[in-house]
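Both of the next two complexes hold chain A, though its partner changes from chain B to chain C.
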Partner chain A sequence: MKINRTNLVVFGLSVMLGIIIAVQFKQKVPEMIPVTLKSIETTKNEINALYKEIEELKIMIKDKEEKIEMYESILDGNENLSSVLKEELRKNKTIAGFETIKGPGIMVKMTDNMDENAFGQAFDMDLIHDTDVLRIINDLRIAGAEAISINNQRVLSFSEIKCGGPIIRINGRSIGTPIYIRAIGDPQVLSAAINAPNTYGYALKNISQINIETSMEDEIIIPAYNGVFQFRYAKPVREGD
Partner chain B sequence: MKSKKGTIAITIVSILLGIILSLQFKTVSATVGEGILPTQRAQQLAIELKKAQEERDAALKALNEVEDKIAQYERGEADNNVIIENLYKDLEKYRILSGYVDLEGPGIILEIQDPPVDVQYGIEYSIVDDLDLILQTISVLNAAQAEAISINDQRYTAYTEIVRAGDHIEINGVSINSPIVIKAIGDPETLESALSIKRGIIWTLRYYDYTVNLIKDDNIRIPKYRKLIEFVYSQPVDEDIN
Partner chain C sequence: MFFAAIGILIGIIVGLILPYTYSVTYSLYISVAILACLDSVFGGVRANLEGKFDLKIFLSGFFGNSILAAILAYIGDRLGVPLYYAAIFTFGGRLFENFASIRRLLINRKSEKSD
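Moving on, here comes the complex of A and B:
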């Protein structure tokens, strides 16, 4: 075989290619992670959610720092601690739902459809179920409701909403139809959360044919939680105790 | 052409190289999966994710520090003044009720895993499509007198919303993925039986092919709510002073 320049060049390039490929595989193999379009999308979502969470945390930290400043000014003797604590107490009591509050908002009235042939064969589709109420409450919360009541029972984190035969139970009390859900917040947004196409409320009204009426009101009064809630199992975790 | 031999040799080597290369790619795609993008983008995202997580952890730590400091101030004064001590106790009570305090106690842990993909028909659905079931689970737990509930370590409060956002769920504005882990503090027996009653929540979930695990635990820890609630629309109603 004659060794000419072309052969040499091809030989040299082949050897280089071999080395480069070998190096490439050696380097990448340990770090190779399964990457699909879906996983990239998920990661992006996760990152966005994290940034949102950080934003929330920063707001919270700022609030707490202001509080610290306040306490420090108390230590300097400029303010009265008990009045500050009272204010704090009032605020937390309101947030916990143990104060009656009022404000603009909407009232949603839901009644069963009493029409004999309202909805085909599934005879109980046109009745209000606990899921329907739960979904409506969840939609109102998404729309930024500040306080919600069902037939004047305050809905809190520990409020159960449960079907019990012909009635619905909430806060240990029975309520029947019509169901009045009241919520304080931006009336326009709250109303949209129930009435806009593609919402659960819209589906209930137009598919299940449950009677839902909403009315925006300037002043809605939402009562304080009127039960007694006692922690028997849960204990607060406090560092340094 | 001058050297036929040489050309043939190079051709054979090239074909061999091609076969080896394609073998290698086949092996890689078999072990890694189809639809791979250049890893560069994924690595970028992974780095960004890690950064965001670190930032979040730092913010959480900072929040804990300021809260500790506040607790110190409040308690420091409580020791030498009865009025302030009572105020502080009341304040703690309502903070616990609104979900601003970590809680621990006996209870249950419910883990819901997405159903396996139906290989035959390619039907795929996840808990994201069945948000009602989460809402119902919470309602049932509350009916069984749960004292505190969390979903994937997000405290369930009176302000907690459960939103579908694409193919994941957002709770308290935080992104949640399957598996869903719901923790509740309360009487473990009551909570368990409320969930596992015939045609109850667990029955329904299993009926839809979700993999469900229910564990009773003596020491469940439920984290506090980490969002600031500020009322814009609501005002207190001045009740008659007793």
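Moving on, here comes the complex of A and C:
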């Protein structure tokens, strides 16, 4: 083969092509995965969750800024330190449940099935059990109840609801039927949590024939927790510990 | 044939040694362009063997085809239609055609010589 212009051009262009191929080899080409509708949906949900988180953080920042402002006004002497602390104590007591509170909500009245015709074969299926009350309370909490009481016993995070034979024990006290459950929250949502089809309350009412009556009220009063509670084992973890 | 093969080999070695790379986003367009270039080189080799090689046709095909293929891939990306398949099928098919012709030409030449 002679070296002429034609062959030189072919050679030159081949070298160029080779260089491009080699550079392409060196590239770490990311694997392309087809985007499915499901993955788009997942990503959307993730983005929405992040947006929500951002919103919450913004609210938190605002809260902190307000606090700083308050401290500054204390420094300036505009506000009394003890009154601010009292206000804070009240707020914390309300959150903890040691303060009587009122607001719109519902009252649920539950009584045993008094009919002659018992449901099922075992007579205890006509009674209200601790688990029934627990599930009703859980439904109310899912529906956004802010405070709950059972027969004027405040239900708190450490309140027990325990079977005591024909009665139920809560906060160390015995209660019998009729059971009045009061809850503060959006009355319609709370009422739906008990009465809507396929809820536990609906099943109790229509299958077990337990008498459940709900009434929406503009003002429900929920008493404070009236026992004494102290942490004996739990200790707060502080930064720097 | 000889020059093309040696050229591509040298090019690959040089390319692996050179530190240059380009953005990964262009890699699809470059790969389609490479296919077009390869087809042109094979076509050039075949024409050379057949004795009807034209430098102008070779040069215009080499650059024109690769640029057109890359542009097609780019437009396809923008439109959401994988238009680069057109380039892949055309040039891929022609690549094998050209290679088949080269094989026949070379084998025929050898058998003529040995006869």
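The rule we apply is simple: the second predicted complex is superposed on the first by the 167 of 241 C-alpha atoms of A that agree within 3 Å, B and C clash if a C-alpha of one lies under 4 Å from a C-alpha of the other, contacts with A are read in each partner's own complex, and residues count from 1 in each chain.
As a convention for this text, a contact is a pair of C-beta atoms (placed from the backbone, for glycine too) under 8 Å apart; a residue touches a chain by one contact, two chains touch by 3 or more.
Computed from a predicted model, the values in this text were never measured in an experiment.
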- Which of chain B and chain C A:K58 touches, first, second, both or neither: first
Based on the superposed arrangement, let me know which partner A:I184 touches: chain B (first), chain C (second), both, or neither? first
Worksheet item: First (chain B), second (chain C), both or neither: which does A:L81 touch?
Response: first
Q.
With both complexes overlaid on chain A, does A:I142 touch chain B (first), chain C (second), both or neither?
A. first
Q) Which partner does A:N198 reach: the first (chain B), the second (chain C), both, or neither? A) neither
Larger residue footprint on chain A, choosing between chain B and chain C, goes to B
So, A:K26: does it touch chain B (first), chain C (second), both, or neither? second
If we overlay the two complexes on their shared chain A, which of chain B and chain C does A:G12 touch? Say first, second, both or neither. second
**Message:** Is A:K102 touching anything from chain B or chain C once the two structures are fitted on A? First, second, both or neither.
**Reply:** first
Dual-contact residues of chain A, meaning touching chain B and chain C, are 1, 7, 10, 14, 21, 25, 28
As the complex stands, chain A meets chain B at residues 1-2, 4, 7, 10, 14, 21, 25, 28, 31-37, 39-54, 56-61, 63-65, 67-68, 71-72, 74-75, 81-82, 85-86, 88-90, 92-105, 130-131, 134-135, 138, 141-142, 146-148, 155-162, 169, 184-186, 221-222, 229, 231-240
Given the complex, residues on chain B that touch chain A span 2-3, 5-6, 10, 13, 17, 21, 24, 28, 32-37, 39, 41-43, 45-46, 48-49, 52-53, 55-56, 59-60, 62-64, 66-71, 73-74, 77, 81, 83-84, 87-88, 90-92, 94-107, 131-132, 135-136, 139-140, 142-143, 146-149, 156-163, 165-168, 170, 173-175, 177, 185-187, 221-222, 226-229, 231-237, 239
Note: in the complex, chain C contacts chain A through residues 2-16, 18, 20-22, 24, 27, 30-31, 33-34, 37-38, 40-41, 44-45, 48, 53, 55, 58-59, 62
Interface with chain C, chain A side, in the complex: residues 1, 5-30
